[in-house]
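In what comes next, chain A is part of two complexes: it sits with chain B in the first one and with chain C in the second one.
Up next is the complex of A and B:
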């Protein structure tokens, strides 16, 4: 076996592009805390006898219930971009208040619980008002309120301690809250679990949660987007106070007493837990799962250290070290994630292209000429980036622009123009349906329809999610070109699912089958991926038999034919396999053949590099993007071919004056109209021997929309 | 007629003087020699710590590990001399080395690992105290060695009728004033506090500067600890568990050094020290219980932070975004 074969096998069967895709998922933030937790449980499961026994786990469950509520409250504040150190004092105050309520004053359990949570709400409102509305610094402010609440606790505790010790509550319900279980799970853990699930739904599925993370992630943008930043921050602290107070109530129900050191240093443990779990100090990134993992980690660690006889100060030293290192990891991760990702994400594939046919040989079907040098120019400087052009029956000319407009030049002279529709994105491939509606693929948005009355309708912006795809491939990233089957089904290409439109060159560097062909059925309104894993599928054009279409795969310089109906349904045939350049849009010609645009030419260097994936990966990692090897898009051409794949004609602009770069062409009444994705003009070339009355609509849909026969 | 400018410094000074007068009239014990000496002692220790805190706050940082550094380093020195039989000289040098190490760790974590100062020093306080209690000394209270010339000199002598403690404070204050006002280092500190990004862009060595500041602050905390040990013939680890760090913050914020950095100087620390010292002393004489003093102090500190945020509003352009709203 040659080394080339080995390389091919290695790049076919080792899916290293998945590493980058996994790293780009949001849930990857949880991986490090989760692994740390697993290791911790494993270590203590081995060295600490009885750690995994039922009674030990039940006891841990009760502590997790209380501590978890505090960490959840703190995490909510962290997500809003603040910090709340006063949770420890609110917790301690709540413990005292619960004991006074149930033991000394003899209030009912429910009333006490409500009163205690209200106390937490009051404490949280103080923090929230100072930080949310008065814009004080969160850290210092809550540090001071920590002392204030703590002092109040100390003062009250001195006065009430004898009364608390002297009396106790004989409420069975209180005992049940503290020590009872339902289905083997402690009652308090049920309470925490329900609250945690509720918050998970709020944070991941509901508007208040999204607003909270928006405020934490980008305060100013959230404000500009109309979110009430101050109120959101205020309520984050209120929730933090309420949850801490509830934790205090549960603690009081379980322990039944309080002391001078209750809750001392709890703020550092809670902060360590929250940050360790992966809730970012910078705000905007966090989840309930992260809070839970952090709480479990810190509790297991400190409980076991205490069991092993480690003294309090040393215990807190270890906690301090854990805090510093998790903040450090958080900072590094946040700052470098994109850097690491951009180094790892680009993952070139192996591709062996045969040597391209010569274009300099005069006998070659691609022989160079200068036919496009003298094309007429339409709309010079008035448009930017007409990837595709199309004409209607009244000779009006339409093109998309980089600014998200569809511009219409009025026929027959195309001197005047208007913005036909503003959609956004970058409108790419276009096609008229039977009723004269303009269907357009929009990069970054999806498939849209513009009626002759200029009404814009979204047809689809998502397709079915592939079962094994790591990146979410249900959203359409780069819908490129479309054509419409006689029965109305729309077949369109999505060039790549791994990159955005402006990163098309990186996809060229990868040259993997990242793209696909998708079918939108207007009768059912459904969208379904028809062909997977194609290399930058680009132009689409219905074949004359009505049951198949031609589509271009740019980076492998190939044009294929896919049968979506008829006896050959589901098969793909290669029509042209070794073009000298990268094919883009394909459209019909008046003589029953097809036009294809070559957006750029292959170069020997890039062709060679395609069979050296390791080389391209090193290039992507070490060299600035503007120095990479790219497809040569300085020169392009238009070719005419038939269904057997014979090249019938080639049109070049050798001097590179008017139309060196071509992504689309349309034949209309004896002229060929040329578009280019990086051009600021549209070209018009007089075809010497074409039918001067031929229009694509009449040819395909029949005259004035009557059905095709 | 000259217009009198109302500065925070002036207001605080007037307040301190007014409180002095009120206490002198209302509290019979206030003007006694014993009380004034106690006042001076507590004020000078607080003042020295305030100088250290002031330096990092002017450079837009904070040091919550100040008290832990002070307590642990001095306790270790005392433990070495009284229990392990070291001579005071080497022990003092070792102590100095220890605080320099703490300062270096703080500074490196803040400057190079880019962990927010407030987290670093909060956690470092725990770490330093735990290391001290776990490995460096065993008992809570360490006494100064008997008849130590060094501690006698610091604690008992007077210069021109002033106790050595206050002289030490004034000398350190003078040094700090000179450094902040007349050296390149000092001007860099202000530049960094005013706008760290701009300071970095114009080429100031921002990271080494942060490390240097924390080393100096740790050394100042060490000095404060030695003065404290000399004044009270020992060092108790209970100081760490007290709310002294908030007293120091109170000195800095009340004196008028904005927490957003780049403002204030040694004069602010002097007036802040005076006010806080008089306040604490008055409360002690009035026999306000310790825990209620905490409540009063923390409420005053909260008010001071509110006023500070109104007088020195945060500059949203230079406020650190990456580390959140802390």
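Up next is the complex of A and C:
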């Protein structure tokens, strides 16, 4: 079918899942201001003569240095959930103080700089004390301090203006600060760049920055989380004052004079720049990059408008319009981003499965039966979600629950139980290592080890990040099942990197290779992704040769074998393809073969939909998630197969009365124990002709736990 | 032109185009478990066409016509006759005549003045899917022909191919079936008929509504009960005035979506067994090959009653103006799904659930709103 070929090619080479991943990144907020900036530069680059000349850019650089510091200070306050209107007054006061210090009093440049910044700190502390500790309204408080600081400036300026004009500093260093360059970049810009990079690291990588954002984003939650809200707010204003004062010092060094209109209207420009860059007025959202982009935008716009002869009031009006429209766009963006994201995140891929083998045919190896309807029930109602079950040598039965516990049922009758370990995430696949430690994959957390003394040890929660991934795929999102090689290396599957534990079935709608196989080496403590891009890789089980393992790829109904050692190292063979259901965990059987659980059955309607990704994409957009077409996980079964891929046995519970879904099974001393990720029970099925003394640990690790030969 | 543009814009934005949202079950249709609580008086697979006659209740099972007798608290079925084709509708008049709709073969009259009359076609139209019939008087029969293309048993194909080729006829039996008036055509699967104050009431299944037609001549249908959350089937008059309305399957947002997805729908109809379609059904959950929806996944071994489902049990009590006043439900986890026919007898309502293969007895005081 040619249309199918086209569909396949389109969905293979146009990775539309990336759109959703990009939209889910934090930095996507910068997209709109960045585009606006690019457009602005392009426009003025074309229509303004000399806009891109070196002198013009150097001059712009100096202005950006001063203005950028103010915008950065204001952005810090905005991020903390407040507003600082007094930045311009502090700036002006600092200009005056610098000139008095260097020109009139003749203090050294360094001393003046420190003094001026200290002045800013004092001004900021007043704001911060009133707002942070006295709990006054930020807007009114800083409006009042704006007027007060400005009045102080006006009074001092009247008295000192003659003295300032009459004298000037002959310090070369001051001249260098005002007009010098290092590597072609103005000195003041270097100062700003260093501060900006420092703040970027603080805001994005360090605790104080995260606390600041937390306070701005949700004050009460931050308080409840133990963050000192008042102190955080206080220091935000202190920083704002200090940075504004530093900007004033740089300004004074460059211009060398001040006037009655210095800094008038600067707070509006700074606010425009901060908001335009994408710093939210509501707090909690912002970055240094946003502040820098906003500052550049506003400066380029207003400078060029001035150059084109636009008068000051008109210039201000235009800036005001820009402020209003950026607030509007910011609001729309914030309100709609998650809607767009939720509509487009599910991005199905093309998958054509051959027609499944019939299970209703009596001659089929999968022929239906009701063997599992009579299983004994263990722990009914006491557990929620035993995805995997495992037994130790003393017949104790372990399973995970959705509450984040590993529950142990005491053998041999499994009537009593205890919480063996509380880990916090939903435990999925489990395996005992040579020393009897329980290794367990935890959804959302990674690979953990629980010692027989109930000590919980994290083995790994991250792997190497792939080179071209958009989402951070180094964190383990859905570690699923594991097995341990004879040399101790742990191979485990991560079912998908695009969905969390509770949404695992949504990955079936995509049926793309979102998962991977990962190897943890305890000898070096390293974790490395071994196989990339598999479709919901799930159960893992070492093959009998000791150099390869079997793993299931659920949504493509396939079981593969991967050689991690030996002559075929690095190759993958398909053992079984086209199962009638979706394979989950794989475990050893007493006769040397393997058990596989089918967590759900394929349905013709979904199989058809898998080959029509556009249909599924529209469905994800237009139909409520609870009404989406899902794999039929209400019926499960267990199959036994050999290494050649022959199906030897099938155990069913039609209608799912005892076991609606089966995600795992474990053979132990003649019984098969059954787990299911959304069940409230464990099943126990008597195998008619299995070795009644066989245990998986003795079989794999040897009777004394000694090395297998 | 504007409509097409609107449709295109709606498609781009992912809005719901007109008529594809599924109404809530609310107000008088608020879900309850009244149907599940009603005592089952007879278990009979494929029970259909429960009809009250002067001589008691009759019903059909496949091609067999059954006479039902009260036996203690339950009912007892005795096979009366086997027809050449599946019985698709039954109607009785006061004098004891019985009109039997035969799937693909038209109407056969038994007893009364026109005993033995066979009506295969009227005015050149083959009665391929006689879904409902009604004696206006001993000589006049109303017949609803569900579809011009598909037999009644293929109703799923009629729905999923988006057909609306049904018609309603008024047939004068004295004229050997040749004197017939078409009261309406291009109906989307007319499935039930009753005489009401506004004329002839017809349940138009695929448009989820009940319309009123003129009893004598073809006039445009007038909707009297619309936006139903399920597909309506037979209408039975209630002794206290008003009507009983059987609704045989629930509407589902995913089905409405598939109905608009031309490509998928075509391939599904062409390649998949109708039992495993994304489509309403009389009963569901029997096979693992049926598709399921996210909300229907079992958690802790329970199917939640509010799960989306392909089948449902619903009986609605309507007043004389066909306004819903009360309803009786068997929800997703219930056991009386796919109600196609209703009959009042001896002060009780008998509910024929074809999907679950059972007849339940409902007392009017069980009504809940």
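Note that the second predicted complex is superposed on the first by the 707 of 709 C-alpha atoms of A that agree within 3 Å, B and C clash if a C-alpha of one lies under 4 Å from a C-alpha of the other, contacts with A are read in each partner's own complex, and residues count from 1 in each chain.
We take it that a contact is a pair of C-beta atoms (placed from the backbone, for glycine too) under 8 Å apart; a residue touches a chain by one contact, two chains touch by 3 or more.
This structure is a prediction, so every number in the text was calculated from the model and none was measured.
Sticking to the clash and touch definitions up top, decide whether chain B and chain C on chain A clash or fit.
fit
When the two structures are overlaid on chain A, which partner does A:141 contact: first (chain B), second (chain C), both, or neither?
In the superposed model, A:141 contacts chain B only, not chain C.
With both complexes overlaid on chain A, does A:621 touch chain B (first), chain C (second), both or neither?
Touch partner of A:621: chain C, not chain B.
Which of the two partners, first being chain B and second being chain C, lies in contact with A:334: first, second, both, or neither?
In the superposition, A:334 contacts chain B only.
Figure out whether A:281 sits in contact with chain B (first) or chain C (second), or with both, or with neither.
first
Between chain B and chain C, pick out the one touching the greater number of residues of chain A.
Counted on chain A, the partner with more touching residues turns out to be B.
Mind working out whether A:343 is in touch with chain B, chain C, both or neither, as first, second, both or neither?
second
Which holds for A:307: it touches chain B only (first), chain C only (second), both, or neither?
After superposing on A, A:307 lies clear of both chain B and chain C.
Give me, in Å and rounded to a whole number, the least C-alpha distance separating chain B from chain C in the superposition.
20
So which bits of chain A does chain B touch that chain C touches too?
none
Which residues of chain A touch chain C in their complex?
Against chain C, chain A makes touches at 343, 384, 505, 601, 603-606, 608-609, 612, 615, 618-619, 621-635, 654-656, 659-661, 678-681.
Can you name the residues of chain A that touch chain B in the complex?
The contact residues of chain A facing chain B are 78, 81-83, 130-131, 134-141, 144-145, 147-148, 150-152, 154-155, 158, 216, 219-220, 233, 265, 268, 280-283, 311, 313-321, 323-324, 327-328, 331, 334-335.
With touch defined as at the start, can you tell me which chain C residues reach chain A in the complex?
Result: residues 14, 16, 252-254, 257, 261, 263-264, 267-268, 271-273, 276-278, 285-286, 288-301, 303, 308 of chain C touch chain A.
Provide the residue numbers of chain B that touch chain A in the complex, in ascending order.
For this pair, the touching residues of chain B are 109, 113-116, 118-120, 122-127, 129-134, 243, 246, 249, 259, 291-292, 294-295, 298-299, 301-302, 305-306, 309, 313-314, 316, 321-326.
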